[in-house]
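What follows is a set of structures for review.
Here come two complexes built around subunit A, the first alongside subunit B, the second alongside subunit C.
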Partner chain A sequence: MDTGSHLPKTGMIGELSETRYWIYLLLLPSLVIILLVIAYPTIYGMAISFREMRLTRPGLTGWVGFKHYLVMIDDPVFWVALKNTVLWVTFAVVLELGLGFIAATALNRNVPGTGIFAVLILVPYFLPNVVAGHMWALLLDPRLGVINDILVRVGVLGSYKAWFADPNTALAATIFVEAWHGFPFFALLLLAGLKGIPHDLYKAAAVDGAGPIAQFRLITVPMLKSVIAAAVILRVISLVNSPDLLLILTGGGPGDATQVLSLYAFQTAYKDFNFGYASALSVVMFVILMVFAYAYIRLSKIGQE
Partner chain B sequence: MATLSLQNVQKSYGGLQVLHGIDVELEDGGFLVLLGPSGCGKSTLLNLIAGLDDISAGDIRIDGRSVIELAPKDRNIAMVFQSYALYPTMTVERNIGFGLEMRGVNGNERSAAVKQAADLLQISHLLDRRPANLSGGQRQRVAMGRAIVRNPDLFLFDEPLSNLDAKLRAEMRTEIKRLHGRLGTSVVYVTHDQIEAMTLGTKVAVMKGGYIQQFADPQTIYEKPANIFVAGFIGSPSMNFVTGTLTSDGRIARFEASGVRVEIPSNSDEMFDARPAVLGIRPEELKVDDGESAMLTGTIDVVEPTGPDTMVTVRIGEQPIVARLPSRFSGKAGETVGLIAHVNSMSLFDYQTELRVPL
Partner chain C sequence: MAATRRSRRMAADILTYFVLVSMSLFCIGPIVWMFLTSLKLEADIVTQTMQYIPNRITFQNYVAIWTQSSFPVLIGNSFIVTLITVVVCLATGTLAAYAFSRYTFRGRNTLMLGYLVVRMFPAVMMIIPLYVVLRSVGLIDSRIGLALAYTSFLLPLFVWMLKGFFDAAPKELESAARIDGSTRFGAMLWIVIPLARNGLVASSVFIAIAAWNEFLFALMLTTGQGSRTWPVGLQLMVGEFQLPWGVLAAGGILSILPVMLMFALVQRVMVQGLTAGAIKG
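Up next is the complex of A and B:
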């Protein structure tokens, strides 16, 4: 009897699996998907920024080179939006980080019942932006808002205030809502970081004579440095990218008091149907965010070492 | 340098009492080892001495001064942790000097003190590194440096050698003994390793279940264990126990079991008649004697040469005992063998209470 017949018949795939090309074959499906859904739209979007494409003027088309970028330099709304983006992201992240730290520190104490609070604190984060936006729009409503009512009753306010309609308070009010919505993200990551700090370090510090403030400054913060940096970078990227909360609360108004880059690009594309200019705005955001993305990648590589 | 006095120290967590009235006195410059298995309360006791946990009742005195109301930093103690607890974000130099830094010692004075401690521990070349770039043994030395630099009244060691491999552990043990001899500072040292306890301690407190089982110098604990737990915990391989009966007329105590007949001179006035008892004999005390005087007679079960010695398991009746015999021992499994030991090296325990029977 031919003993060779017991071996499986080696077909073409079988032979290929023995070569170094095999891994490329296995990677092929994911590479195709990535090219289709990430690389192609990104490059296409960038390409549009060098073209004229307005749905309101179908005839106006063709390559225009850097025209949109030159227009942008003289566009006052762009500069306001850029300034607002910086303000909005900076204050929101600082507030979220602060609140997150307080929440994480509180939850890290092994007091009975903290489990329930851990879930409660996460609730804002579970709410979609749209839901959170509508909820706060109602809470801060100039006629029906509960918060206005409470502030007037307590005596802080003389009369009901239109928080989102006043250019002086609109940006601050949206930052407040964003901070409420986003701080659980920091709380969660910081809590994980806190749990990773060995308890012995605090014991050693207590014996060495470090009080609670020195322990926080010299042990907790340095030990959480990489967690804080990673969380801040991720949060900045997601804040710069998402116009949804502002779209619901203010639509960028009053005037351009709460206009940010992402919202401006969104409105340019879907209200003015000026895709060329919207793409150029998006490319500028993309470049800004690449800096943060690069920082994040550098950081995670350092973390690996 | 200081004395340490623990007086009726108790600790409870909620309804759970983990320390039941611990009394210990340590002389100035002494080396107290708290020895016991996991969960015996030894680390809790150390934390109480350090002030990292609050005492439930009793008193702790360092140099005659009650410290239970003082914060850890005010007790003038230094502690070395099992995990070393080095601050990962600081250099070795800052780690060692951290206690001085927190006490406001100025830079120059601090550097000088750190350098002196580092020289003593031979880690001067590591001062610029961070803990992550050190080996286990080096981290251990840094942790010790952090303790000695402050020149405290009392060193507290919490299983400092447990994370080291066997060779390094032996080296560091010697190093700790040398340091203690040189600095003369009183030490409280927690361990579950009886070799560390025997080699380092001037006093050993063997603990179990929140009670001190025996508090004595190492030699006494080895030679005259207070109960079966202590006898079994100290020594490797551990002491052999044979169950039988004890009869005493006040002059001669006779222990008998199947294959065992031992007569021990007694000074005790107590007389027993076939009282259930346990005989304890250390493996290293046993010698082969096939003559009339053999105290234990049985069948060789297993012979295990280890190089310098040969471990022989002998079945005496139903009870296996281990003898550490010279490597030239030539007996084979299945052969009958007689064993003797010096009567002074034997221990007798009451079968019921497991306490040592004084003879």
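Up next is the complex of A and C:
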């Protein structure tokens, strides 16, 4: 059949695309991959958490029910890691949100040169964790760290400080590095949000006599609410789930001062090859995240919009 | 009155520049310092008094990491893994993104939400079963196995990003082609995909950067020279050989070069795409 189209012929696939199976053909390839590399491993992973599986002791195998979960309750490291996770994620998100907001507000004024500044501010977000980690380890090094040097010269510090080796500063130092790495993400999303607010709103408010602070409180914050909520939840998920930066900077130390759940689970799997317990830890992590996400979406009511 | 308004505006501009300049310094300063370190002799790094501007500039750190370690092999492995990941995402994700963007069908929203939820699974929860599964099919410590593992979290991201770009492509031309007698597949292949090519490039670059940078999966799923990627190799070198700071810095600079290059190439489109996807999501 000559269709009369000017576009090149598409043969059999073209004919198939006219049938009602087309939509399934489009979806099938990615769905197969997702089921293969996500759905199956996830279910399998949950199953492992109820089993004994240690690569170092192949003989030790079989179902153990809730054993790993019961062990967890009496595991002091688990509770320390849980506490650190909450601290790490909370402070990092607050810091990143604050810095991101300042950056977005400044970028949104569109002064000449904004384009270049936007690119420079975005760069840390695309830096690999491995490089960012070692770079900051060098900057904060107790013997040759340039930040120590600057702080001593300015007079803030008496002598060089071992930021990552001191249990009192280790967690704060890693939060600082994480904030550097992650705040551009908030800057980007909030900038998009700010650009979406119609200018007329501010003009109308100014006519009504609202000052900058009132405008910020009554227009900017409510209009940005859903963007902030979405950004926070995405960031919390990735912070809870990825131990990369801590693995490189401190490995959870000194002691367990920077041990978080994701890192603990990873080390249990990678160092001890205790897959059963590591799976149980990550299942608990996942459940906590789900509960948080559900409660957060409910409270911030982003689901209604 | 006009004078105060102008001066207030001026003050706001000055404050804006102050914020932008200090934030840019905060973001770029550490990277500049790493670059300076990579150009220093080790003796000039480990000194009593800090050298802010290198006295002597040397490229021996770059020569050292490239010739005296397995760095070229690591970079090659990373390149191949990244390439496979992008090809798999492009081949399968483009079709799905197109379907989500253009058609309504039963279960569409559920499926899209499902694509998002899978990103919430903790990496560790995926890594352990992936390790067991890949080992049983002989794909552990292989570049294809690692690339497949990467698609587990990058394919959903790719689909979501690309859907935003497809949504933005005008539907009129497509309808015209259909009226003209083109098949659905023809309209997609010759009209919509060329229209959304910026989005295709940007989404591909975004997942390419993510695959290039990835560390945790690679650490767990690769064990030997055959498939080990550069983040893992660099990290292990630090642990095993007490890598000198200058060499480590040179390795860092070399390995972020491709990222910076790709980022510079598509930053404008990518920023648009990221924000568009985020707002709609």
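Quick note on the criterion: the second predicted complex is superposed on the first by the 261 of 305 C-alpha atoms of A that agree within 3 Å, B and C clash if a C-alpha of one lies under 4 Å from a C-alpha of the other, contacts with A are read in each partner's own complex, and residues count from 1 in each chain.
Note that contacts are C-beta pairs under 8 Å (C-beta built on N, C-alpha and C of every residue); 3 or more make two chains touch, one makes a residue touch a chain.
For clarity, every value in this text was computed on a predicted model and none was experimentally measured.
Chemist: Applying the touch criterion given at the start, work out whether A:Pro222 contacts subunit B, subunit C, both or neither, answering first, second, both or neither.
Modeler: A:Pro222: touches subunit B, not subunit C.
Chemist: What is the contact status of A:Pro198 with respect to subunit B (first) and subunit C (second): first, second, both, or neither?
Modeler: In the superposed model, A:Pro198 contacts subunit B only, not subunit C.
Chemist: Considering only the touch criterion stated at the top, classify A:Phe117 as touching first (subunit B), second (subunit C), both, or neither.
Modeler: So A:Phe117 only meets subunit C here.
Chemist: Counting only touches as set out at the top, which of subunit B and subunit C does A:Val236 meet: first, second, both, neither?
Modeler: After superposition on chain A, A:Val236 lies in contact with neither partner.
Chemist: Determine, under the contact definition given at the top, whether A:Leu246 touches first (subunit B), second (subunit C), both, or neither.
Modeler: neither
Chemist: Is A:Val260 touching the first partner subunit B, the second partner subunit C, both, or neither of them?
Modeler: neither
Chemist: So, A:Met72: does it touch subunit B (first), subunit C (second), both, or neither?
Modeler: Touch status of A:Met72: no partner.
Chemist: Just subunit B (first), just subunit C (second), both, or neither: which does A:Leu171 touch?
Modeler: A:Leu171 sits against neither subunit B nor subunit C.
Chemist: As a test of reading the superposition: which chain, subunit B or subunit C, is in touch with more residues of subunit A?
Modeler: C
Chemist: Just to be sure I follow: which residues of subunit A are touched by subunit B in one complex and then by subunit C in the other one?
Modeler: Comparing the two interfaces on subunit A, one with subunit B and one with subunit C, no residues are shared.
Chemist: If you look only at subunit A, which of its residues touch subunit B in the complex?
Modeler: On the subunit A side, the touching residues are 198, 200-201, 203-210, 214, 218-219, 222-223, 225.
Chemist: Can you list the residues on subunit C that touch subunit A in the complex?
Modeler: Contacts found on subunit C: 12-13, 16-17, 19-21, 23-24, 26-28, 30-31, 33-34, 37, 45-47, 50, 52, 88, 91-93, 95-96, 98-99, 103, 105, 111, 115, 118-133, 148-149, 151-152, 155-156, 159, 177, 180-191, 209, 212-213, 215-216, 219-220, 231, 234-235, 238, 245, 248-249, 252, 255-256, 259-260, 263-264, 267, 271, 274-276, 278-279, 281.
Chemist: Once bound in the complex, which stretches of subunit B touch subunit A?
Modeler: Counting only subunit B, the residues touching subunit A are 47, 50-52, 71-73, 77-79, 81-83, 85, 87-90, 98-99, 102-103, 146.
Chemist: Would you tell me which residues of subunit A are touching subunit C in their complex?
Modeler: Listed in rising order, the residues are 3-10, 13-18, 22-23, 25-27, 29-34, 36-42, 44-45, 48, 53, 99, 102-103, 105-107, 109, 111, 113-114, 117-124, 126-131, 134-136, 138-139, 143-144, 146, 149, 180, 184, 188-189, 191-193, 195-196, 227, 230-231, 237, 240-244, 247-248, 262, 265-266, 269-270, 275, 278-279, 281-283, 285-286, 289-290, 293.
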